[in-house]
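Quick one: the structure is below, and I'll ask about it shortly.
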Amino acid sequence: MSSSHAKAPYYFVPGPSKWPVLAGSSLLLTMLGASAWVNGLSWGSYANLAGVFLTLVVLYNWFGDAIAESESGQYSARIDVSYRWSMSWFIFSEVMFFAAFFGALFYARSITMPWLADLDHKVLWPDFSGQWGNAGPAGTIESFKTMGPFPIPTINTALLLTSGVTLTIAHHALRAGQRGKTAFWLFATIVLGAVFMGFQAYEYIHAYHELNLKLTSGIYGSTFFMLTGFHGFHVTMGAIMLSVVLFRVLKGHFTPDHHFAFEGAAWYWHFVDVVWLGLYVVVYWL
Amino acid sequence: MSSTTVDHAHDHSHDHAHDHPHGFRRWLFATNHKDIGSLYLWFAFTMLLSGGVLALMIRAELFQPGLQLVQPEFFNQLTTMHGLIMVFGAIMPAFVGFANWMIPLQIGASDMAFARMNNFSFWLMPPAAILLVASFWVPGGATAAGWTLYAPLSTQMGPGMDMAIFAVHIMGASSIMGSINIITTILNMRAPGMTLMKMPMFCWTWLITAYLLIAVMPVLAGAITMTLTDRHFGTSFFNAAGGGDPVMYQHIFWFFGHPEVYIMILPAFGIVSQIVPAFARKPLFGYASMVYATASIAILSFIVWAHHMFTTGMPVTAQLFFMYATMLISVPTGVKVFNWVATMWKGSMTFETPMLFAVGFIFVFTMGGFTGLILAVTPIDIQLQDTYYVVAHFHYVLVAGSLFALFAGYYYWSPKWTGFMYNETRGKIHFWGSLIAFNVTFFPMHFLGLAGMPRRYADYPAQFTDFNQVATIGAFWFGLMQVYFILAVVIPSIKGGKPAPAKPWDGAEGLEWTVPSPAPFHTFEEPPVVK
Amino acid sequence: VVDSQGGPAVRQLNLQTPVTQIAEQIYSIHNLMLVICLVIFIAVFGVMFYSILKHRKSVGHEAATFHESTAVEIAWTVVPFLIVIGMALPATKTVVAMKDTSNADLTIKVTGMQWKWGYDYLKGEGEGISFLSTLATPRTQVGAPGVAPTEARGDNYLLEVDNQVVVPVNKKVRMITTANDVIHSWTIPAFGVKQDAIPGFVRDTWFKAEKIGTYRGQCVELCGKEHAFMPIVVNVVSDEDYKKWVETKKKEMAAKADDPNKVWTVDELKQRGEKVYAANCVACHQASGKGVPGAFPALDGSAVVAGEKAGQMAIVMNGKNGMPSWKATLSDTEIAAVITYTRNNWSNKSAENIVQPAEVLAARK
């Protein structure tokens, strides 16, 4: 346990804080802006981006407070357990969010497609075959090519799996008190994540320009981009978390047995990994 | 040694600054679970009145056939917003308010696990409410697609729809954070000696409810995100032309929607399970089976969603599966009802207002449960789906169920909150008035539904007039009873009255009754030890 | 008010009188369920109220201390389980029967549209018949906020249509449902039939009406503002009457099928257009042509109506935002007529004041 630990209260309860209500207000601005933006109002984008920016500023300060409390030894072991529970449940909620989109993909492929192509539906769509990766029965969607697993997604799989390993090395190093080694492998993990995102961006450009595969490409394009897009967003979030952790490692935060921020970010990273494996199989392979 | 003293003194003054925050900061920056609980309760009651006013506008229009007060497009907005506001703005936050107030007190914790995040959960609600209510004034008005926001009707809506989507996103985030907080508090902060199986039922039901919330709110977020991208970014999730399917929306929505209705009833079961033993002066019958029944309801709730979709034309196997699964839920729910009755059996009962509302709850909720069971029978549902029978069913379980349990809980715990006893006579007037007016409002709707009156109708065939008139009269009466509640019961008991003892109910048990009334700002800073 | 023939009765308490076997089964399952539920209800609450009366402190009852009994708890888990299964079994047979749409004598496709129904007789006697069916109750009976109805309400207020579906008695009729815009739902309570009509998909259901008569239902899936104003009326007739109806309907259709190459005068088209407008457009754009500000644009004084006819034709035929596409539902002559009508009505005096059916036909290609 850290040396300052002895002083920690039984369960630290923070005093009044202005951050939550400010975060709520900036989210209101964000969402009002978003509503206006999607409806083509000129002020919408500014309001939305300002809202996002303000939210980030608030969160930065808020987390700053929490880090300061942690580093000043206010957090007892019991608080550590609270963080563990909360991170696990948060990740569970993320799993369910992805489940909605995986469910949509599954439903569209195994229920909607055969349905639209069956004998009864010849009344409406006489020539529809229902092959997965089609442009929909109405002929209103430009034709496109589907995305296969080679080469980019496979490289990306390798990248993410490797990043899981490097992160584990970093964790072992932290537990052994080797700060330099921790920072190095953590940095390597973030770089792998960034390269992954680079490839992903390249893949999107390829899809739009060479395959004519777009977000508007029927249910195939919808599920493809929403699933991979949300995954990419989560990789970015994970990379940001890891960067913050790296920064804190460099600043000398954490001890070999008191470093939940590191572990939480690592759990998240592994979760993002697992989601990718699911994507790799059901979006690219099948 | 001296340094310790200094430290202590410092700690003390430091604590004091936290101890009594005053003015607007106390509420805006609150990290105290009791203050945040009160904020939630006030917010929820405000929303109940707002949603209630919308309901009264609906009922006023339906007083007679023909169009008298509102255009049909506005009527649909009223219906939709009434549903959304009541579900997400009134009932759910009210239960969260109870959780905030009572869970730390019941398990002997000093506060919620994440006090600041707790405040964030609350301060997400007003922005969401602002988005929802403001949407009435944007071009095209609020969303009029029904609270279920079915595609592709939702695709036709104006900007009000987007505001509703974003509002639901925000409320979803709030619910998820609130639930994480509740689960963590319960799992990690129980006083030494309080094992899970010694925990008060209210905590158990909330533990399971929070789990349901975390499991299904993200799914709702996914569904409405797809609606958003279908509306504005050209995706085809719910559009057959591109290979999507409107029915897919319904599957995703109801995968959330059905557990959601249990989210709104399980904490009610918890409240009632606290109150009945207290006034029967006898321990809760079958504590363990209550826990198992709650868990079974939660688990079953994930596999029954398509009973809302019997008329969409599912394969026969699916219809049968969902019919049987749905009907099974009556078994654990029945266990609860039987246990309550057995708790009362050979007790030594008194009937103060909390008990009246609890008994009223059991009685009327069961009626709603039985109509649910009747709806679960596929062929009958095909006759009754989207008629007023369904409206009757869910108001029996939501108003006489969830809302009555909330009232029961209010009367039971308000002495602990305010330090004063409410006025018993007025409480009884509120109970009897509400019970009778409730049945006058919603009982005739069963007949309307059986006879075939569709829901979400701004105008109806003249044969339905009489029962509609009765319902409208009942609705205004019921509304008045709630105004009476706030003016004659709640506000006076905040201002003063008979001081409440630490334990005003002689049969009540639990740690919350070991602290003074009103509960001090800080409680259980050192955890009590439970035998 | 008196009972509606084939619709709801005044102060009706139970399901509508069944006229198919399925509806009859539903009726009796419902009654059975009701009785079982009532019995359980009375048993459970009989016990509860007995206890409330006898086991209260004010009559001096002392509290017992028991708080569990495994045997009792198992019993009241198992017994309800058995009851529930007992309830579901008879329903299972009906579910299976309801889904069996094979071997139909007559197949009719019904298309839900905002806000009317389209019917196409696909197979069986009468094949080829097709028509639209809209609310026949005049708006003068409905009224509007601030405007009292000027006409007394009829017995079938909101339950009457201009073109009824006609089917022969004692024949198995398969209904195929679909929709053009949003989900609607087609139901006739007396038949025990309700099936959502889903845009882009077809679903089916069936009925075999056993009694001659007129039967009424209403759209039961929220479909926008006129959701309450798109009723369904099915006329069940004898075999002979059905044959007669098919004949007259076919003749009527042949006569109505306008020659798209006929050249019309402005007045002729205006006259025809007024009817088309009243049946299709008035719900949104209003009789006054003023629309509903913020929701539905005005046609009176509209730039589109005053401008080139090609622009207006494109919008009417292909739709725009909330405006549906009328290509499929209106004939060339009807589209030409209604456009000509709007160009010469209210305060409108458009420069290009007439559209001929041939132009619409050309624009279709």
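We call the chains A, B and C, going by the order they appear; numbering starts again at 1 in every chain.
By our rule, contacts are C-beta pairs under 8 Å (C-beta built on N, C-alpha and C of every residue); 3 or more make two chains touch, one makes a residue touch a chain.
Since the model is a prediction, treat every value here as computed from it, not as a measurement.
Most remote chain with respect to chain C, judged by CA-atom centres, is A. Remark: among chain pairs B-C and A-B, B-C carries the greater number of C-beta contacts.
Note: centroid distance chain A to chain C, computed from Cα atoms, is 45 Å.
If you average the CA atoms of chain A and of chain B, the two centres end up 31 Å from each other. Residues of chain C in contact with at least two other chains: 200-201, 204.
For chain B, residues touching at least two other chains, in rising order: 158, 240-241, 245. For chain A, residues touching at least two other chains, in rising order: 115-116, 137-138.
Across the complex, chain C meets chain A through its residues 109, 122, 176, 178, 200-202, 204.
Against chain B, the residues of chain C that register as touching in their complex are 1, 3-4, 7-16, 22-23, 25-26, 29-30, 33-34, 37, 40-41, 44-45, 47-48, 51-52, 55-58, 61-69, 72-73, 76-77, 80-81, 84-85, 87-88, 91-92, 94-96, 98-99, 141-145, 149, 153, 155-159, 177, 181-183, 185, 187, 189, 192-196, 198-201, 203-205, 217-229, 292, 294-295, 322.
Across the interface of their complex, chain C is touched by residues 65-73, 76, 139-141, 144-146, 150, 152-153, 156, 158, 239-241, 245-247, 280-289, 311-313, 315-316, 319-320, 323-324, 327-328, 330-332, 334-335, 337-339, 341-351, 359, 362-363, 366-367, 370, 373-374, 377-380, 382-383, 385-387, 447, 450-454, 456-467, 507 of chain B.
Chain A meets chain C in the complex at residues 115-116, 120-121, 123-124, 137-138.
Chain B makes touch with chain A in their complex at residues 17-18, 21, 25-26, 28-31, 109-111, 113-117, 119-120, 122-124, 126-127, 130-131, 158-159, 162-163, 166-167, 169-170, 176, 179-181, 183-184, 187-189, 214-219, 221-223, 225-226, 228-229, 231-237, 240-245, 248, 251-252, 255, 525-527.
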